[in-house]
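Heads up, there are several structures right after this.
Next, two complexes with chain A in common: one pairs it with chain B, the other with chain C.
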Partner chain A sequence: MMAFLSRRMAWAVVTLWLVVSGSFVLAYVMPASDPARMMAGPHASAEVVQRIRTELYLDRPLPEQYVRYVGRVAHGDLGQSYRNKEPVTAALARSLPWTALIAVGASLVQLLIGVPIGLFAALRRRSLADAAAMAVALVGISAPTFLTGLGIMYVFGFQLGWFPLGGLGDGFFGALRSAVLPSLTLGIAGAAYYSRLTRGEYLDVASRDFMRTARAKGLSERLVVLKHGMRNALIPVVTFFGIDLGVLLGGAVVTETIFAWPGMGKLAIDSVLQQDFPVMLGCVVVASAAIVTANLVVDLVYAWLDPRIRLG
Partner chain B sequence: MASVALVALLGPFLAPWDPAVQDIATGLDASGAPVGPGAAHLLGTDALGRDVLSRLLVGARISLLVGFAATGISMGIGLVIGLVSGYFRGIIDTVAMRSVDVLMSFPFLLLCIALVAVREPGLDNVLLVLGLLGWTTMARVVRGKVLAEREQEYVQAARALGLGHGRILFRHILPNVVGPVMVLSTLGVASTILAESVLSYLGLGVPPPTPSWGAMISEGQAWYRLAPGLVAAPGLCILVTVLGFNLLGEGLRDVLDPRDAG
Partner chain C sequence: MSPLLLLLACTANPDGLTPGAGNTAPVYGGTFVYADEDDIRTLDPAIGYDEVSWTAMHLVFDQLIAYAPDTDGTEVRMVGGLAESWDVSEDGLVWTFRLRPGVTFHNGRELVADDVVYSWTRLFDPELASPGADFFGGISGSQAMLDGETDHLAGLVALDTRTVQVTLDAPDATFANAVAMVFGSVVPREEVEARGEQWAFSPVGTGPFELSEWQLGEKTVFVADEDHWEPGRPYLDEIVHLAGYPRTVQFLKLEAGELSQINRMSSPDYLWARQDERWGPLLQEVPSIDTYGEMMNTELPPFDDLAFRQGVAASIDREKLKKLRNGRYRPTISWVPPGLAAHVEWDELSADEQHAYRYQRHDPALAKQRLSESRYMQDGRYVGPPIVYWALSDEASLTTAQSVQQDLSLAGVPMTVKTTTFPAYLAAVGQPKTVQIAYTAWVMDYPDPRNFLEVIFSCDMRAEQNSQNTSFYCDDETERLLDAAAVEVDPDVRADLYERAQARIAEAAPVAIEYHSTSLSLVQPRVKGFRVHPIWTRDMREAWLDVPEGRPTRAGGAR
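Showing the complex of A and B:
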C-alpha cells in the first residue's frame, strides 16, 4: 500500500507541475496582447509600459520567467491582478467559499435527486416509468446550463418569487436562500447523469449471484435492494462523483454568471472579459489543483477498497 | 437531425430577413421594446429589432459547423493517438496517457474559456480550441480497444505475414474499433455544440452581428421577463439539436454494442 501511495502522490505532484507549466504557456507565451500594456492601461506612455515590463520580469528570457513563475506558484503566490493590483490569492480566498457552497448544494442535488430516480428506473426496468425517467434525464443532460438556469430563475425567482433572482443575500440564512437556485442549476445536469449511471450500475449488480443469494436467504426485498444492491451499485457512482469535480467547476462559470454569484466562476469570467490574465490563471491553477487532489483521493479510496489495485 | 442539417445548409436562403438588419419601422414597438410574433416577424424581433427566426436559421450553421469541424479535429487526434498508443505501448503509450491525465486535470470549460480569451474570441479560435482539447476521451477509449485487438489472432497472422505496422493499424485494427469511434463522435458533436453555445453565451464565440444561438440567449436575457421567447427559442434549438445527437449516439451504441442497451 505504501508503494502505491508514494507512486500515486508523486504522479499527483508531477501533474500539478505540468498544470502550472501549461498555465505559464497560457499566460506568457500565447497571449495575443502585451500583458504590460494591459496592466498599464491603453493611455499609458511607453516609459510606464517598459517600467511595468521590467517590474514583472517580462523583459527577461522565457526560461528565466518560467523558473520565477513556478517558484512563485510553489510558494503560493499567484501574482497580482492587472486591473486593481490585488493579490490573486486574496481574490480567490474571497470567492472560493461561495463556489464551495453552491458546489456542495449541487452535489446534494445530484445525489438526492439523481440516485433515487436511477434506482426507481432500474427497479421498473423496461416500464413506461423507466422510459419516462430516462427520457427526462437525457433532456437534462442535453440542456445547456444557461438555459436550465434561466428557466429555473424564471419559474422559482420571477413567477413564484420563492427565491432571489440573483446575487448574495444578507446574513447566513440570506446567503443560504440565495444559494438554492444556483445550486439547483449547477446540480441538475449532474443529477440527470447520475440517474442514468445509477440505473446502469444497479441493473449490472441486480443480476449478480450475491443478489440471488440474499433473496434465497429470505431477506426482505427492501434490504436486498438497499443493503446489497445499492451498496455495490454506488461504488462507481461515488468514484465518478470525485472525478466529476472538473465538470462542476466548469458549470460554475456559467451558473455564477447567470445568478451574479460572487464565486470563483464569476471571478474567472470577469477576469477573462477584462483580460486580467493572472486572475484567470489563478482560477485555472486552483481548479486544476482541486481536480488533481480529488482524483488522488478517489484513487486512494479505491485502492483501500480494492486490494487488486494497490497490489497490481 | 436531417432537418437541423438541412436548416444549417439552407438557413441563409430560408431566412425571411437579413439576420443583421435592424427593422426600425416594424421591429420595435413605441417604447423601443422588441415586438412579439406576428405576420412581419414570425417569431418576433430581438432588442435591436432584428428578426428572431432569421437569426435562428442562420445561427444553426454556426452551431453545426463548430460541432462537426471541432469534433472532426478532436476525434482525428484522439483516434491516431489511441491507435498508436495502444498498438506500440511502451514509452509512447506512457507519454500519451500521461498527457491525457494532465489535460483531464484542467477543468475543460474553464481551459477553453482561458484559451479563447488569450487568443482573441472568434469562430476560428473557438473551433481550434474545442478541436485541440476534446480528444482525450476518444484516445482513451480507442487505446483500450486496440490493446484488446492487438492480441487477437488476425493481428498476429498479419505480423507473421510481414505486414508493416501502418498497414496492420489502419487496414486491419482500425475497422474493428470503428464502432466506439462512431458512437463517441456522435456524442462528441453534441457536447461540442453545447460548449460552443456556452462560449458564445459568455461573449467568447463568433463576434456580432453574426448570429449564434448561445449569443442570442445572452442578448435576450435582459428581456426574459417581458419576452421569454428571446431566450426560449434559441434555447430550444440548442436543446433539440444536442438531444438529437445524443439520441443518435445512444442508438448507434445500442446497435453496435447490444450489451450496453440496458
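Showing the complex of A and C:
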C-alpha cells in the first residue's frame, strides 16, 4: 500500500510541476505578454517599466527566472494581482469557498437526482419509463450550460421568484439561497450522466451470479437491489464522483459567469479579460491541484475497495 | 418558520416594478441599483479611464468645472463645480480658479487650493503613469516633471487657500474640458499617501456619495454624503453597483424589479422592450457623441495603398449596418459627431466639399474603380497578403465585422475575422505594423473636435506601444491644421481648421467612417431624475425614487 501511495503521490507532484512550468511559459516567456508593462500600466514610461523588470528579475537569464518562479510557487507565493496589487492567494482564498459551496451543491444534485433515476430506469429496463428517463438524461447531457442556466434562472428565479437572479445573497441564508440555482445548473448535466452510468452499471451487476444467489437465499428484492446490486454498481459512480468534485472545485466558468457567482471560474475569466496573468495562473494552479488531489484520493479509495489495483 | 421557508422569504426587491407614488417634488431615501458586465476597475481618478469606472467616480469626486445638469447629447454646457468662478487671461495662457468655500472631503477636512495643486501634480508622477497627463500636458513645466527633472509643476500654484493659478505653454480652448474630466478630480493628499496602493479601492473625495463597501467582482455600495457642499444631501440613500451580470440577466433583473436601470440590451430584448406597452414608454434612446468604423493601418499592406483604402471605405454598406442593428445606428461621413464643431452632413456640403468625402459613402461603382486601380488587385482578383480583421467578441463588433466581410467579399476582397478580448485588442492595434484592419470606435473624453481628430490622427499620437493613432496615419498638412487649431481661440477659425483637417482625413481614408451610435436606457417607472449623460454615461447624482414615504434631509432644505 505504501509503495502504491508513494508512486501516486510522486505522479501528482510531477503533474503539478508540469502545470506550473506550463504556466511559467505562458506568463513569462510568450512574446505577447510583458509582465513589467502589464504591472506598470499602459501609460508608464520606459524607465518605470525597466525598473519593474529589474525588481521582478525579468532581466535575469531565463533558467534563473524559472527557478525563482518555481521556488515561489512551491512556497505558496503566487505573486501579486496586476489589477489591485493584492496577493493572488488572497483573491483565491476569497473565491474558493464560494466555488466549493456550489461544487458541493452540484455534487448533491448529481447524486440525489442522477443515481435514483438511473436505478429507476434499470429496474424498469426497456419500459416506456426507462426510455423517457434516458431521453431526458440525453437532453441533460447535451444541453449547453448557458442554455440550461438561463432556462433554470428564468423559471425558478424570474417566473416563480423563488431564488435571486444571480449574485451572492447577504448572510448565511442569503448565500445558501443564491447558491441553489448555480448548483442546479452545474449539477444537472452530471446528474444526467450519473443516471446513465448507474443504469448501465446496475444492469451489468444485475446479471451476475451473486445477485442470483442472493435471490435464491430468499432475500427480499429490496435487500437484493440495495445491498447487493447498488453496492457494487456504485463503485464506478464513486470514482467519477471524486474526479467530478475536483473538476467542480476548479471553477465552473460558464455557470459562474451566467449567475455572477464570485467563485474561481468567474475570477479566472475576469483575470483573462483583464490580462491579470498572476491571478489567471493562480486559478490554473489551484484548479490543477484540485483535480490532481481528487484523482489521488479516488485512486486510494479505489485501491482500498479493490485490492487488485495495488498490484497494477 | 421552517428553515426552507425562511430561506425563500429572504427576498430583496430594491425598488420594484410598480408605478411611482405620484410625487411631483423629489423625495428622499431609497437605493438605486445598477449593474454592468464588468466590475469597476479602479476608483483612483488619476488612473481610471473606462466607462464603468468613470460612472462610479462621478459619484465620489468633484472637479473644479462641471457639466451643466441640462447637458445632453447635442448641447454640452460647463458650469462651476468646486470652483465658484474662473478667469482666463486675454492671451489665453493664465487660468485663475476661485474655489467654493465650505467644501469638505468625506473625511471632514476642508478643501483648500493646495489640494488642487497636489491632485493635478500627481497626474505627472512617472510612477503613477496617469493617462490624465495627456490632457493636462499644456501646463507649463509638465514635461520636465514627466522626465523626472523636477517634482513640482512650474505652471500650477496656489495663490492663497482658495485661489489656484494655472499657466499654460500655449492657449488651449479645451483646457476647461480637461479640468471637467475625471482626471481633474480633487483628492486629499493625506488619504492618498496613507492608503498607498489601496487608495484606488478605498477613495476619499468631495462628491455627493462616498464609498461604503467594495466586494471585488461582486458589488460596490456608495452612501449619501450628508455634508455634501451642494445644498442638501443627495435624494438617494444608497447607490449599489453590481458587477459581472450578462446583459440578458440584467434585463431579467430589471423586469423583476431588482435593478433600477439598465443601459445595455441584447437585440431581442431591445426589440421586445420597444414594442412592449409597459416598457416601451420607459425606453430612452439618446444620441451618443461617438463614431464607429474600421481603422486601416497605413503602414501595412494592403492598406498602405491609398486606392485600396478608398476602395474598401466605399465598399461598406452603412445602411445595411443600420438595419442589422435595429435602426440604432446613424450612418455618417463625418468622424466628428453631431453637436460638435466641424461635424459635416453630406447633404449640407457643396459639390466641391463632397468630393473629399465621396469614399466615406457606400458607392459600389466607385469602390470597384478604386480597387481596380490598386496594386493589390489584378483583373478583379485580390493579389495582396491575407487580410485579418480584428474584432471584439461583443454583438455590435461581430455584427459589423461580418457585414464588412460580406461587403468586401462582394468587392472581390477576401478577409478573415479574428475576435479577441478588449485588452489584447488594445495592445495589438496600438503596436505599429501589427494589425491591418480593425473594428474601431471613439467615444469622446470631452465634447470637442480636438478629442476626435488630434487624438486619433495626429502624427504625434503614434507610439511604439499603446498608440492612440492606430492607423499610423501621418500627413504634414493635416498636422499643420491640427496644430493651428489646438492653439486657436476664435471658435469660427478653429472650426474651419478642424473641418479642413477632417476633409483631408476623409479623403486619405485611414479610417472607413460608418456611424454614430445611440445610448439606450430603460428605467423603472418610479426612478426620477436619472439622466443618460454623454460623459458619465449614467448620471445618478440627482436621481430620486418616487416612493410613498420620503424622509427629510439631515442637512435640511431641498436641493
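Just so we're on the same page, the second predicted complex is superposed on the first by the 304 of 312 C-alpha atoms of A that agree within 3 Å, B and C clash if a C-alpha of one lies under 4 Å from a C-alpha of the other, contacts with A are read in each partner's own complex, and residues count from 1 in each chain.
Assume contacts are C-beta pairs under 8 Å (C-beta built on N, C-alpha and C of every residue); 3 or more make two chains touch, one makes a residue touch a chain.
It should be emphasised that the depicted structure is a prediction, and the values quoted were computed from it without experimental measurement.
Student: Here chain A is shared; do chain B and chain C fit on it together or clash?
Tutor: Chain B/chain C on chain A - steric clash.
Student: By the touch definition at the top of the document, which applies to A:Ala133: first (chain B), second (chain C), both, or neither?
Tutor: Neither partner.
Student: Which partner does A:Ile152 reach: the first (chain B), the second (chain C), both, or neither?
Tutor: A:Ile152: touches no partner chain.
Student: Pick one for A:Val253: touches chain B only (first), chain C only (second), both, or neither.
Tutor: A:Val253 contacts chain B only, not chain C.
Student: Considering only touches as defined above, state whether A:Gln275 meets chain B (first), chain C (second), both or neither.
Tutor: both
Student: For A:Pro144, select first, second, both or neither according to whether it touches chain B, chain C, the two together, or no partner.
Tutor: First partner only, chain B.
Student: Would you check which partner chain A:Gly161 touches, where first means chain B only, second means chain C only, and both and neither mean what they say?
Tutor: After superposition on chain A, A:Gly161 lies in contact with chain C alone.
Student: Would you check which partner chain A:Val205 touches, where first means chain B only, second means chain C only, and both and neither mean what they say?
Tutor: Neither partner.
Student: In the overlay, answer first, second, both or neither for which of chain B and chain C A:Ala191 touches.
Tutor: In the superposed model, A:Ala191 contacts neither chain B nor chain C.
Student: If you stack the two complexes on chain A, which partner ends up touching A:Val115: first (chain B), second (chain C), both, or neither?
Tutor: Neither partner.
Student: Between 97-105, 133-141 or 205-213, which run of chain B pushes into chain C after the superposition?
Tutor: Given the superposition on chain A, chain B and chain C clash at 205-213.
Student: Can you list the residues of chain A that touch chain B in one structure and chain C in the other?
Tutor: After superposing on chain A, chain A residues 32, 150, 154, 158, 257-258, 272-273, 275 contact both chain B and chain C.
Student: Which chain A residues qualify as touching chain C in the complex?
Tutor: On the chain A side, the touching residues are 32, 37, 40-45, 47-48, 83-85, 91, 94, 150, 153-154, 157-158, 161-162, 164-171, 173-174, 176-177, 257-260, 262, 266-267, 270, 272-275.
Student: Name, in rising order, each residue of chain C that touches chain A in their complex.
Tutor: Contacts found on chain C: 3, 6-8, 10-12, 38-39, 41, 47, 126-127, 129-131, 133, 146, 148, 197-198, 200-201, 215-219, 242-246, 248-249, 252-253, 255-256, 258, 421-424, 426-427, 430, 465-466.
Student: Contact residues on chain A for chain B in the complex?
Tutor: Chain A residues touching chain B: 11, 15-16, 18-19, 22, 26-27, 30-32, 125, 138-139, 141-147, 150-151, 154, 158, 199-200, 203, 246-247, 249-251, 253-254, 257-258, 268-269, 272-273, 275, 277, 280-281, 283-284, 287-288, 291-292, 295.
Student: Can you list the chain B residues touching chain A in their complex?
Tutor: Spelled out, the residues of chain B in touch with chain A are 101-102, 104-111, 113-115, 117-120, 190, 194, 197-198, 201-204, 214, 217-218, 221, 224-225, 228, 231, 235, 238-239, 242-243, 246-247, 250, 262.
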